[in-house]
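Take a look at these structures.
Here chain A shows up in two complexes: once beside chain B, once beside chain C.
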Partner chain A sequence: MRRAVVGWVFAVATAGVLGVAVVDLPREGAALPHIARQAMTVALPDWRTTEPVSEVVYGTRTFDTFGETFLLLAAVVSVLLLARHRERRHDYFGEEEAGQEEQRYQNPGDEPVGPTERTARAADTREDDDAAANAGEASAGRPETPDAEPVGTAAPEAAQGMTVVVRVAIRWVLPVLAVAGGYLVVQGYSPGGGFPAGVVLVGVVLLVYAGFGYRRIARLVRPGPLEVLELIGALLVIVVLALGLALKGSFGANWLPLAPEQTFRSGGTMQAFSVAELIEVGTGLTIVIFSFLAIRHDWTPANPDAADSTQPGGDGEDSR
Partner chain B sequence: MRTALVVVLSLVGLFFSLTGAIGVLRMPDVYSRIQCTSKVITMGAIPALLAVAVSKGLLSQYGVHALIVAFLLLVLNPAASHALGRAAYKTGIRQWSGAVADEPRERGRS
Partner chain C sequence: MILVNYLVGVVVFALGVAVILTRRNLVKIVMGLSLIESSGYLLLLSAAYRRGSTAPVLLKPPGGQSEQDLARGNVADPVLQNVCLTAIVIGVAVTAVLLVTVVRIAQHYRTLDADRVRDLRG
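Presenting the complex of A and B:
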């Protein structure tokens, strides 16, 4: 009863707020807010762009965007520091793997190994597709797709990718998303610019990861090239903005010749800044996400009998 | 004429969004709720996006953007619902006690 009353109160309140918002919407032909008028008066004569939003982000508020970019870089560096990449540098690997290396160093395998421990270790090996992907070998016992598996089994997913339904949907969507991401950054008069375009391209990478498994993109998503690319993006941002200071006397001022509006090159240094931002954001977010994915949780059930009846185990020894 | 079409499409979108929201609140288990949420996109959001495309012109900048989003939703939403349902089943989330069919399990038994 009380839940129903609370629900009604919230529903009516939300409806009221939405109603007021709709009634207060600016009508067509209404006066623009101050910032929008400022952007309109600056965008076309100073930058030759018809997209006031990009003008605000990369023109009027250059310094703000500059700060945001380097805030993101600082966040990426912090995540890298916290996600323990000190031990190995050639791929993203899990906490557990790092622990195993330390364990081998501290205690090189002289303790007795029970059947439960063996099962758990077998499960670890099965889950460990990262190492297999980098070694270029098929990981033992892990199918690439779950299509051959009957749906009725309630067990942790062993396959690396997702079902044929998801994979086909991703194949259909990927080209559209990739082109949309490119569109946001390529045209000097398209809304958005480098930041949203970078996020869209990260979405493309994540969809491939989710649908087809880590092995498919392991060659693309590597710490070495990604980190270098990200720093190149950051350097480009600095160079583009600092050249404005050197050539035109103010940080972020336009020093490129302005192409006619509504062409690919319209917008002057705005476009260059936007492209640098795309590199920085795309690589930075990919690094952050895959670093977090590397700190993953082991989903193998504590009781091996429930997960896999073909393996021996369950002698009551608690090994995990 | 065009305004009437926009109003009809918006109303269709609103109606299915509302039924989907009610369904999420009223349905007894995860699987039926997933069914309701996927309806909110397919019959709720896509008519609204079509309304934008119709009112601004199919090949205008707004119209094309709306159609691209509609296409992405149309393809990804059923796939996402499928993946959610499968993951729920795989992790052993039970069906509502009144459910009449559990096909995967029946097939597994036979």
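Presenting the complex of A and C:
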């Protein structure tokens, strides 16, 4: 196996070179580098914050964080562009029709499909009662919300919600998580800031989705409002940083009056930047995740015989 | 013994390189890239560590130390911790883009095998 040999030789060689290089890195006894000491001494007098990491993120390395924010935005835009083919754009979910259209275009004539494939497609149709609800149809005897399902029923695979245990646990955990996320961004002196807080809030959205189904958050998690919100976050970042340039003469300089440390407003523009970052990261990651969840059409094999074979679907079944 | 952390980081990095070079499954290649990213986080956080140091928070130095001690170096390096945060965000963004590319490749070529994704197929 030439690939394995070459790959492992190269990997071991990389490890050797890096290992030699790493021995000379500063160890645990080394003095703090100059830039770190500068960040520590600047945090309290200049920004009135007791949190040097946040100070470095939103103060000393403002421009870097600015670039990072827009790198994330670029990634969100790329994911959106790649994940959506030519669907109508009113929802993350419910793109199946567009996929079926494409499928029909790719294999015209609509050959008969095998039993495995039929089962899979039937399960897909059952699962897709969001689309049915949107179209105003009755959703196949399923209750409106998972909470309305009688306790103790054998949950079908297509069940929208989790069991009552999971749902109750999520109900208890959600407010705690949401408050923790808000706390991370609101308290400027606590370790955290916009990035972790945004990710925590994405976790809240995902928990609701996992426990209660998409319909519970469908009003919130839609491309329209989310994308607008994300761009508002990006715009806020630009405005906050550019006002520093306009008022104080340098990009990202603090132009807000400094409040006493360990209050909501301590840190000046750091806090504003952090909040803008929260909006940007929270909405951006939500958009990315739900775009992924929405990619689900077009997985049927092109060759209908492949669906009948006993092998599970995987690599290399296609004869082309 | 922070050198151990460094060396583990190097090993994880090399494992990621090996995964990328030896696997053919595109998802596994993306996972190899994630391994390389993780080695970067480990390296940065290890380099930020100082012996007997506290978290870089200026709230209250631990008993027997003054704030000057903190600034003089008895604290983890905040700059490297910040760089690690940056790396995590960029890693998430890159992984997301790669994964969606892999999904589209799989739908287009109907395979996840990197060796079969050679011919142009309009």
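Quick note on the criterion: the second predicted complex is superposed on the first by the 207 of 320 C-alpha atoms of A that agree within 3 Å, B and C clash if a C-alpha of one lies under 4 Å from a C-alpha of the other, contacts with A are read in each partner's own complex, and residues count from 1 in each chain.
The working rule: a contact is a pair of C-beta atoms (placed from the backbone, for glycine too) under 8 Å apart; a residue touches a chain by one contact, two chains touch by 3 or more.
The structure displayed is predicted, hence computed values, not measured ones.
Shared-chain residue A:L285: touches chain C; no touch with chain B.
Annotation for chain A, partner touching more residues between chain B and chain C: C. In the superposition on chain A, contact is made by A:A43 with chain C only, not with chain B. By the touch criterion defined above, A:W172 reaches chain B but does not reach chain C.
Contact with chain C, but none with chain B, is seen for A:T14 once the two complexes are overlaid on the shared chain. Once chain A of one complex is fitted onto chain A of the other, the partner contacts of A:P260 are absent, as it touches neither chain B nor chain C. Chain A uses residues 7 to touch chain B in one structure and chain C in the other. On chain A, the positions that touch chain B within their shared complex are 7, 150-157, 162-163, 165-166, 168-170, 172-173, 176-177, 180. Contact residues of chain B toward chain A in the complex are 25, 68, 71-72, 75-76, 78-80, 82-83, 86-87, 89-92, 104-108.
Those residues of chain C lying in contact with chain A across their complex are 2-3, 6-7, 9-11, 13-15, 17-18, 20-22, 24-25, 43, 47, 49-51, 53, 55-59, 70-73, 75, 77-82, 85-86, 88-90, 92-94, 96-97, 99-101, 103-104, 107, 110-113, 116.
Of all the residues in chain A, the ones that touch chain C in their complex are 3-4, 6-8, 10-12, 14-15, 18-19, 22-23, 25-33, 35-37, 39-41, 43-44, 50-53, 55-57, 60-61, 64-65, 68, 71-72, 74-76, 78-79, 82-83, 189, 191, 195, 281, 285, 288, 291-292, 295, 298-299, 301-302, 315-318, 320.
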